[in-house]
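Both of the next two complexes hold subunit A, though its partner changes from subunit B to subunit C.
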Partner chain A sequence: MASDALLFYLFGGVTVLGALAVVTQRNPVYSVLSIIASFFGLAGLYVLLEAPFVAVAQIIIYAGAIMVLFLFTVMLLNATREDAAEWDRSHPLYRPFAVRVGGVLAVLLALQLGWALSRTSGLGVPIDLDRPAVSSVQELGRVLFTDYMFAFEVTSILIIAAMVGAVILARKRDE
Partner chain B sequence: MQGIIEILTAPQTIAYAVIVGVVFMGLQIMAAVMVYAERKVAALMQQRYGPYLVGPKGLLQPIADILKLFFKEELRPKAADAFLFTLAPIISVAAAYLAFAPVPFGAPTTFFGLLDEPIKLQVSDVNVAVLVIFAVASMGVYGIVLAGWASNSKYSLLGGLRSSAQMISYELAYGMSLATVVMMAGSMSLTEMVDQQSGYWFGFIPKWYIFLQPVAFFVFACAGVAETNRAPFDFPEAEQELVAGYHTEYSSMRFAMFFMAEYINMVTVSAVAVNLFLGGWHGPFVPATYGWIWFVIKLAFLLFVYLWLRWTLPRFRYDQLMSFGWKVLLPLATINLLVTAAGVLYFGL
Partner chain C sequence: MPLGHYLVLSGLLFAIGTAGVFLRRNLITLLLSVELMLNAVNLAFVAFGRQWGAVDGQIITFFVMTVAAAEAAVGLALVIGLFRHRESLNPEAFTSLKW
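Presenting the complex of A and B:
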């Protein structure tokens, strides 16, 4: 449908532009806001894919919870604008080191994308709609605790390990 | 072209537009009514008269207030971030309105036979309604935090920081209590949840979830009051310590927008509580098509409880707020969730 394509480009545009704005902004608060806009674009794309639960989870967890913490930290540390020193007024992204590393990463990404595209049977081929879609919450829960049980539990262990690590790193030494 | 006109003039479309308009204007009017009710209830509890000069019994006071706010000067501190300073109240109000969209407020109706098919009394019926409300409500915090930051004033910043800390702390318990009820109902659609609460036990006790889940209701009520930043959890705007918290630097309609958002959020939280715990539009003596009357009565009662709390309880201390959220509410909600899960699994509640 035409409106679907229109919405796809709208949400895709918001996602990409938001992500770009995150790295090009000098003010960290604006970066946080840009990434929230990007997450909203992603959520819109999920809705177009008929996965409302994933869309809402995206907003609750990423845009709602995690980014509030980001904003909280940015404000608490009172991170100032990334103004360069007097002798170097260029944007941090234009400095030699950043350009070189970014260039290598960009080439890798392009290679990967080309490889992935060469492996698909072609663009514009509709996905198999006969496959049972996992969109309802009940179905998602069932799949998560049967077929993907192992991956699910391993992820939770990983998250707990990360959390314990963060607590230990942040703890004040007593001695 | 012909098709578009046909769609636009279809009775369903018009009925839909009417519902959207009713919800939009209704929320606005509720905010005005709440301003009046707040002052009258406060006066009642403090043995004063409250507003009584403008109109009979002071009933026109909210209109006078709104007019006054319209004509006040818009001030913006020189050091403020101009863009975010303007954006913050817009985010607050937009999130407040949006959160009401998936809330049903009555049984499906044909508008006294005007329509061929009954239409649902809600703006948008999504099958993950509970989560949508939760998600949009968690967006509202950005308005407050950004207002605090963009004002470039220490009181505002402290208010904003407090607000984000408070929201993060209470959102978990809020979500847990929602999850408990979702588990009981086996659905995330508010309409379905309300329909499961129709009927009576022993012929006179209504089958409301508040009787099955008193703990979840308690947690939901506490977290709901905290999420809307109302006393005794009104830290972001604690007058005695922070002047006016996050909206210290705001004036005129921008200031009014924050207040509108606060009152609309109260209405939404109360409406969700009515739907989840108090049986929505089901009640005795009234035919199902007039169920919204019961809905409004229950909503009004919960809103009165909000005001009652504010003028009865003193504000918590900040450390009390945090320890209450993390050490009392969250464990309580988690245990309740586990017990309910076991109940649903083994006894098929």
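Presenting the complex of A and C:
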């Protein structure tokens, strides 16, 4: 039980620190690498929650595919550095009103989430370990292809649309 | 671990992602912050699914991942297109409808 808590705080710490690094790094390459670290922490949390398939999908799909796409884009655009003047100009502390309003909104959202959580009852109850976790891939597949069949099929249309859209948007116009 | 711990962590991640969207002025970092917010929601779904012994939380996580992949592909294509026109990743460079 104690090791469970230790692992939770370890993975949670990695996740939060990675997320903070994403937002505070000025080099987008470091941001992408930090978010990958954050995703590995999340994968650990999914293992703790007895959802191993989600953990593996998190690493393969998110860290392996989506973030590589991000890295390719950053390097393709050669945008690995924001120039210093741009950074000074756009840093929230140096900027006037508009961005500070954004910061206030972000803080308000965090406060609101905390407030909502603090008013919810039953949060201190440990997750019921006697109740069996649904972690078999077989069960996942059964539900996915029966109850969620329609959503699954619609997803394939979404992917096709995104693929065509991405190809057309990124195409070089040679007139 | 109590469910509340996971929810607090999820809320924290979501808040960090929101702060990134509001505060950063780099299109790539904005998209990364959106990914963070999606992952915060995923964590909440999986935690609730574990709490109630239901499989739906994990299933919805897969759908969120799919949407995130589609969003990243289209978003990055847009970023590439915009960068070709303006040689900049600052959203404030893209203020005109036509040029």
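Methods note: the second predicted complex is superposed on the first by the 133 of 175 C-alpha atoms of A that agree within 3 Å, B and C clash if a C-alpha of one lies under 4 Å from a C-alpha of the other, contacts with A are read in each partner's own complex, and residues count from 1 in each chain.
Convention: a contact is a pair of C-beta atoms (placed from the backbone, for glycine too) under 8 Å apart; a residue touches a chain by one contact, two chains touch by 3 or more.
Values in this document were obtained by computation on a predicted structure and should not be read as measured data.
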Problem set entry | Which partner reaches more residues of subunit A (counting touched residues only), subunit B or subunit C | C
Exercise. Between subunit B (first) and subunit C (second), which, if any, makes contact with A:64: first, second, both or neither?
Worked result: first
Problem set entry | Partner chain(s) touched by A:137 [first = subunit B, second = subunit C, both, neither] | first
Exercise. Touching A:157 in the superposition: subunit B (first), subunit C (second), both, neither?
Worked result: neither
For this session: Figure out whether A:75 sits in contact with subunit B (first) or subunit C (second), or with both, or with neither.
Result: first
Exercise. Is A:53 touching the first partner subunit B, the second partner subunit C, both, or neither of them?
Worked result: both
Problem set entry | Contacts on subunit A seen with subunit B and repeated with subunit C across the two complexes | 53, 57, 65, 69, 76
For this session: Mind listing the subunit A positions that touch subunit B in their complex?
Result: 29, 33, 36, 52-53, 56-57, 59-60, 63-65, 68-69, 71-72, 75-76, 136-137
Seminar exercise, completed: Contacts from subunit B onto subunit A in the complex sit at residues 81, 84, 126-128, 131-132, 134-135, 138-139, 141-142, 145-146, 148-149, 157, 160-161, 164-165, 167-168, 171, 175, 188
Problem set entry | subunit A - residues contacting subunit C, complex | 4-5, 8, 12, 15-16, 19-20, 22-23, 25, 28, 31-32, 35, 38-39, 42, 45-46, 48-51, 53-54, 57-58, 61-62, 65-66, 69-70, 73-74, 76-77, 79, 82, 86, 90, 92, 99, 102-103, 105-107, 109-110, 113-114, 117, 120, 122-128, 131-134, 139-140, 143-144, 148, 151, 155, 158-159, 161-163, 165-167, 169-170, 172
Exercise. Within the complex, which stretch of subunit C touches subunit A?
Worked result: 1-9, 11-20, 22-26, 28-29, 31-33, 35-36, 39, 42-43, 46-47, 49-59, 61-63, 65-74, 76-81, 83-84, 89-90
